[in-house]
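First chain written, first letter: the chains are A, B and C, and each begins at residue 1.
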């Protein structure tokens, strides 16, 4: 049990690294909402895997970058709200499993199309190296549910 | 005023313990959305008190567990988004008062029933011991407001 | 690269101070939702600048306080959900730039008026001194988009 006279260095190191990982999660949301795909993809490793749906994903940063071309034409605006962040580090702290919750609002460019809402979870694997810091090695988006969303099939959260 | 050359051990201990408490808050939301009530109740002490409304609460973990039976039959899906977490520790850091904000979306199993939305605050008392770490001793949900929600009477936040 | 045997004092100091800044962000939301404008304005410096829209802002705490009179009469209820908090400190850690994301729900006192929703970003400048701790020196609210919101013109987030 931590007391004020004993705080482990490991726990402090995890706090420091978690803050850096959260920064990447929030920069992802920021670059997405700002329609800055070139800055967004830099948060991913070159051999990353990204899955936004059972039929909608990409292997490798170049392939992932291509899927982002539509952000600016398909959406007039989006807002990504990330919370409930839980980080579990590997023993050597060079990788981490990260779970978070997403609420996202989407306004489409197509006239008359109702705003789309997404409720779900991100399940991410992060890795870090001395040159790039923490980056997404794998990002998977799972849906609790959607309202008027454009993607018809989602990866389910696996509710019991 | 904290400078880079002086960081108090107490402040660091609070950071470490707050991260653990946040983990419990987020696991609660996760187990709820995943419909895992048996794992959810383990986050509570045996003599816990839980209040979801003025006429809807439970004293003791066993009684609370019974109220959770309906999660899987009543809801087709839910999504709980917890943010604005503020933790105040007791002097000996074995208990804490925790305030947070909840946005929750509910899809009902009943056909034709509109999705329900909840906006409000959690007011929690946490306790910890060497065996279980931090657990909920008391959880109270207060509403700022609701949209198409199934519970008709809420504990108000007490807006002035 | 941080390891368990090396955590910099600067990084720890930033964690400690970030927690304090987040507390101010969350107290702002709390006082707003609780309709406690007198407590809310104490989170701001006397010469603060607050901009809620291109035509709706205030210079100085007294002028800002006047704009808050309508909270209790205009809104029946609100709920402010703040997440994605990114803090960048000045070298001497007496000021900080803070970016966060807001989802806000508004119920109006005017009968028949649909609830208003706001999706956007806060861009804040914080300063601290030994007497008051961290306070808002500048707060600017930018919109990704709104639904049935009462303010017709927003400061845009500047989406590319």
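We adopt the following convention: a contact is a pair of C-beta atoms (placed from the backbone, for glycine too) under 8 Å apart; a residue touches a chain by one contact, two chains touch by 3 or more.
What you are looking at is a predicted structure, and each value in this text was computed from that prediction instead of being measured.
Engineer: Taking all residue numbers at the subunit A/subunit C interface, are over half used by both copies (same) or under half (different)?
Structural biologist: Different, since under half the interface numbering is common to both chains.
Engineer: Fit subunit A to subunit B on CA atoms, both being copies of the same sequence, and give the resulting rotation angle in degrees, nearest 5.
Structural biologist: Nearest-5 rotation angle for the superposition: 120 degrees.
Engineer: Could you state the distance in Å from the CA-based centre of subunit A to that of subunit C?
Structural biologist: Distance between chain centres: 24 Å.
Engineer: Give me the residue numbers in subunit C that touch at least two other chains, ranges are fine.
Structural biologist: 12, 15, 81, 83, 103
Engineer: Would you tell me which residues of subunit A are touching subunit C in their complex?
Structural biologist: 9-10, 12-13, 15-17, 19, 23, 25-27, 29-30, 33-36, 72, 76-83, 93, 103, 105, 107, 115, 128-130
Engineer: In the complex of these two chains, what residues of subunit C are touching subunit A?
Structural biologist: The contact residues of subunit C facing subunit A are 1-5, 7-8, 11-12, 14-15, 18, 81, 83-86, 99, 101, 103, 119-121, 144-145, 147, 157-160.
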